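See the structures that follow.
In what follows, subunit A forms one complex with subunit B and a second complex with subunit C.
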Partner chain A sequence: MSHPHKAQEFIANENRVNWHDKSLWHVREKRDKAVNLFPEWEQLREKASQIKSHTLSRLDEYLEEFEKNAIANGVKVHWASDAIEHNDIVLSIFREHGVQRIVKSKSMLTEECHLNPFLEKHGIEVIDSDLGERIVQLAKEPPSHIVMPAIHKKRMEIDELFQKHLHTPPSHGDENILTAAAREHLRQKFMKADAALTGVNFGIAETGDFVVCTNEGNADMGVHLAPVQISSMGIEKLIPRYEDLGVFTRLLARSATGQHITTYTSQFRKPRAGTEMHLILVDNGRTVQLGREKYRRSLHCIRCGACMNTCPVYRRSGGHSYQSVIPGPIGSILSPGRDMKKYSSLPFASSLCGSCSDVCPVKINIHEQLYFWRQDITQATNEEPAKKISMKMTGWLFTKPKWFRKAGKFGRKALAKLPRWMVYNSMNVWGKHRELPEPPKESFQEWYQKNRKNNG
Partner chain B sequence: MGKADIIKAVKANKPNELPLPSLDFPSSNGQSLPSLFEERLLAGGGEFFFAKSRVEAETYIQSRIKAGEYKYIAGALKSLNTFDLASIQDPHELELLNLSVFEGELGVAENGAIWLSEDRLIHRAAPFITQHLILLIREDQLVDKMHAAYAALRYHDYGHGVFIAGPSKTADIEQSLVVGAHGPKSLLVVMLPTEA
Partner chain C sequence: MMHIGLFVPCYVDQFYPRVAIATLELLEKLGYRVSVPPDQTCCGQPMANSGYERYSKKTMELFVKNFASYDYIVAPSGSCVYHVRKHYDTLEQTPEVAHIRERTVDICEFLVNHCDKALPESNFPYRVGLHQSCHGQRGLRFGKSSEVVAEPFSIVRQLLESVEGIELVDLQRADECCGFGGTFAIAEEAVSVKMGKDRVQDHILNGAQVITGTDMSCLMHMEGIIRRRQLPLRVMHVSEILNHTHQHEPSS
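So, the complex of A and B:
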């Protein structure tokens, strides 16, 4: 199903849409507040972008260096070309240790590899320990946001889930009671886990360290208790120097939630005495993306989620409408690279307002890349008219004229919530006065008209 | 399969070499480091107390603990200890801990974070599994920004280390902040003067 179809499902409930929109805008505002506190922000972003570009240009050497140092530190390093290899490595480590129960902290990479269903199929109990992830795990849903996995869930829905699965008494959705219940439930899981799995935020070539950032402390609770630790890392998470961490730890939390740093920035170098530390380096399509010049910079991504929080389309269509592991603007660039046909509607799930590129801490030209994908997808469609790829765009956003009347009515307040182009075009959505960000050379209107004609 | 393929694919697909930038961020001037540290720590949900001496720090910490409130207290303040971290083999036994007190190795003013490594913690799990956490830090152990922190840690040898910037927290239920997700339900930082 294409993004507009899925989005229609989400926007059917207008109250929920408004609430979702507001929650995310609130996070975006917190980000602005933290960022505006210091003058070096732009300089930091620039350095971060340069470090990432440089790393990619010597990625083979840094991977070798990282592996050498990690091995010297006593870490067992594995390499996986794709999701299948990754999952097989995890399972073989578990088999070797007779692992039956594991706790996991948030890792978009293991989502990408569909590790949970794979392990469950092999009889291993997998518990996601991040509260948001545990909520969506109980609901049998994928995360709808990469930093706030359950951002789409209302407190009463969570209350019901907990009543059903954790046998808690009804609490009218009281966040303190629900969190306390989850704490007790998950402590038991931490105490009994045979192994703990984490993702990786940064790997440092020159020392072999890898860094895991959380607010809950769940990654640490898992790995410091269990006898076996496995951390899965996309090869693009590498940075060359120890000092580079200074740049990225300053950018990550501020961009993600407006905190100055995550509560825990946990740095792993050597295994705990008497235990094993495994690190799996995963490609799974990253080297292919590296070879695509136009899209290469998408590998800079540090998964902060800022582009989602700011995106008017994401905020009003919800993460699930993207149907890809990474939703939102960055997901709309990454996913077509994996399967252009399946994700052909995603690059169109954007207003090209450029807000994503403005907030991105590693300066990915997100909206430009979305535009490039539109061209590539259109071309592919022209070449294969039989396999017509859905060309529906964000028109659904405008099928609810009420929003736009509202936008006009509330004036200033609406400005804070909607990007300029929406506000100024409330009556004439694709009209002449659209404020298109530069690089797109032809106006969106022209582009759309042309391609629509071409594609029927 | 595996490494050889990945390295080969990287070599074939990577761009020409791009420069690695030097990192030369100016150190901050103006606001005093302890007051900035305090401000940022509070923003992260931590509590702060400035003690004039070690004696005052101990007295203050003792005054915060109601009689009989915490059965298992571990860490840096001998007068309080009821639990010997070094005697434990299996970290699961740390689940009993009500309160842990550690000496921080370095503090960062811009974000209220304190660095602790395995040497100080004895058990990596200790500052996470304990119900409450108190960290001590001397004024002269503060640096302004993360750049200075990493410059200082660059040659520090550790198996595991962590920056802690508040109590464990979550906002996964409708973005409402709740303190005490999995780890400590509170964090108190007691700052000491340089000579203490």
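So, the complex of A and C:
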């Protein structure tokens, strides 16, 4: 199903849309407050963008440096060219250690690889330990936002989910009771986990460290308790030097939630005595995107989610309408790179307002890339032949001024004279919820010919 | 003497001649020599934003042909101007194309940045909400966008503030998109209408009698919603307000 259809379904419940829009706008406002306390914000964005461009221009070298340093620290480094390889690596590590139960934290990448169903198929219990992730996991839904995965769920719905799955008493959506219940439930899971899985926000080439930013501390909790740690990292998450880290942590937290810093910015370097630390470096389409110059900058993304919060389309259509692991503006430029046909409606799910590009802490030109994708998609896929023909005809009409004026005059007359039902029918998408402009008696050119003929 | 070519976007020509007239009169009152090339049609944006830039190439070439000889090409439409400046990079960069891309400006930009004469007096004693259309706001930087950290400014506001009697209302979301977006308004009808409704609501809640802006297309979309829902609001282009000298009810 394409984005417009999914969006229409979501919009049918106007109260929910209003609530969804307000929740996200609230986060956008928190972000605005935080960044406005930061006079050098724009310089920092520029710096981050430059660091990312530079890193991507020599990604191979930095990756090798990173690998070398990580190995020297005692980390076991693996390379996965795609999702299947990634999942196989994870499974083989688990098999080796007889892992039955795992806790996971903060990883859109494992979502991207569809790791959960894969592991479950192989008899391994996977518990998403971040509250929002856990909620959507219980609801058997994908996350609808990369930072607030359950933002589409109302508290009462969460209450019901908890009653059903965690057997909690009804709390009427009381936040404290719900959080306490989740904590209690997760604690049990942490204690019993044989391994902990996390994502990675930043990998530092210079030292081989990697950094995981969380607000609930669940990544640490899992890692500190389990004998085996696996961290999955997209290869674009690399930054060259330790001193670059501050640039990004300052941008990330403020852009994501309006916090000055995420509650836990955990840096991992070497395994604790008696435990193993694995790091999987995942490509899964990233080098292909790197090779597309027009779209390369999309790899700057630090997954702060700010473009989703600000996007007027996302706020009103919900994350699930994008049907992609990464929704919203950034998802709309990343997803067609993976499957142009499947995601062909996404670059059109934007009014090209440009708010995403202005909010993005690493200055991705999202709205420009949306425009490029539109051109590429209509070239490469043969969908919507009617649109293609009408665009071709419109293009033709605009090169024939006399015909354009005749057509305009005819159209205006028809619009003024036709009975309403002939103008406002199912063919007229504009007119479903909007009036057409009232046709004036004469066009500007007609007026001009009469009144200013001798000018110019 | 500076010679201005007036670009009247296709839908303004057909549906909103009053906006083009107001823009023309404003420029004439300032004493400029203004011509309206009779063979102009469109800037090519509708096809290009829909992913068919290749079908708009000839339209863009016609635009260049029509306007290459003017010192400035002025239009009452930020988004068309944005398209010319930004996306005519796909044409061969002849001196004519380069000239066009440099000299095509929105009327507000022209008045603030390229005109050294005092504005004609205008009078508009109403409460007005400014819709900062995205292509002007973020594309051409008519003002500081709310996402960016910098000193606030807005050339459109600056112009409106010079109008006698006007009362500019503040909005909850100063520069949120109205949801027009060209063919987006059709392809994503549901989202587009919802965005438009929310935008109009912000103006109503803050007591606006008139919504104004630099882009008649955004205003056309909101007007469509206003009229369907019979809301107590009018839309008027900034040119109309700047050219307004009588004290009668704002007319549409």
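As a convention for this text, the second predicted complex is superposed on the first by the 380 of 456 C-alpha atoms of A that agree within 3 Å, B and C clash if a C-alpha of one lies under 4 Å from a C-alpha of the other, contacts with A are read in each partner's own complex, and residues count from 1 in each chain.
Everything below uses one rule, namely that a residue touches a chain if its C-beta (ideal position, glycine included) is under 8 Å from a C-beta of that chain, and two chains touch if they have at least 3 such contacts.
Keep in mind the model is a prediction, meaning the values are calculated, not measured.
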Is A:Gly291 touching anything from subunit B or subunit C once the two structures are fitted on A? First, second, both or neither. first
Based on the superposed arrangement, let me know which partner A:Ala139 touches: subunit B (first), subunit C (second), both, or neither? neither
Determine, under the contact definition given at the top, whether A:Val126 touches first (subunit B), second (subunit C), both, or neither. neither
Go through the superposed model and pick first if A:Val17 touches only subunit B, second if only subunit C, both, or neither. second
Using the touch definition from the top, say if A:Pro4 reaches subunit B (first), subunit C (second), both or neither. second
First, second, both or neither for A:Ala180, with subunit B first and subunit C second: first
Considering each complex separately, which residues of subunit A are in contact with subunit B in the first and with subunit C in the second? 38
Show me the residue ranges of subunit B that touch subunit A in the complex, using the header's touch definition. 1-3, 5-7, 9-21, 23, 25-26, 40, 43-45, 91-92, 95, 108, 110-113, 123-125, 128-129, 145-147, 149-151, 153-154, 158-176, 178, 180-184
Can you list the residues on subunit A that touch subunit B in the complex? 23, 26-27, 38, 40, 43-44, 46-47, 50-51, 53-54, 56-60, 63-64, 67, 78-81, 85, 129-132, 135, 148-151, 153-155, 158, 173, 175-176, 178-180, 182-183, 186-187, 190-191, 215-218, 220-221, 223-225, 235, 240-247, 249-250, 257, 259-272, 281, 283, 287-288, 290-291, 293, 296
Of all residues in subunit C, which touch subunit A in the complex? 8, 10-18, 20-21, 24, 34-36, 38-42, 44, 46-56, 58-59, 62, 87, 134-135, 138-139, 145-150, 173, 176-177, 179-182, 184-196, 198, 220-221, 223-225, 227-228, 252
In the complex formed with subunit C, which residues of subunit A make contact? 3-4, 7-8, 11, 14, 17, 21, 25, 32, 35-36, 38-39, 41-42, 310, 312-313, 316-317, 347-355, 357-359, 371, 374-375, 377-379, 387-388, 391-392, 394-399, 401, 404, 408, 411-412, 429-430, 432-440, 442-449, 452, 455-456
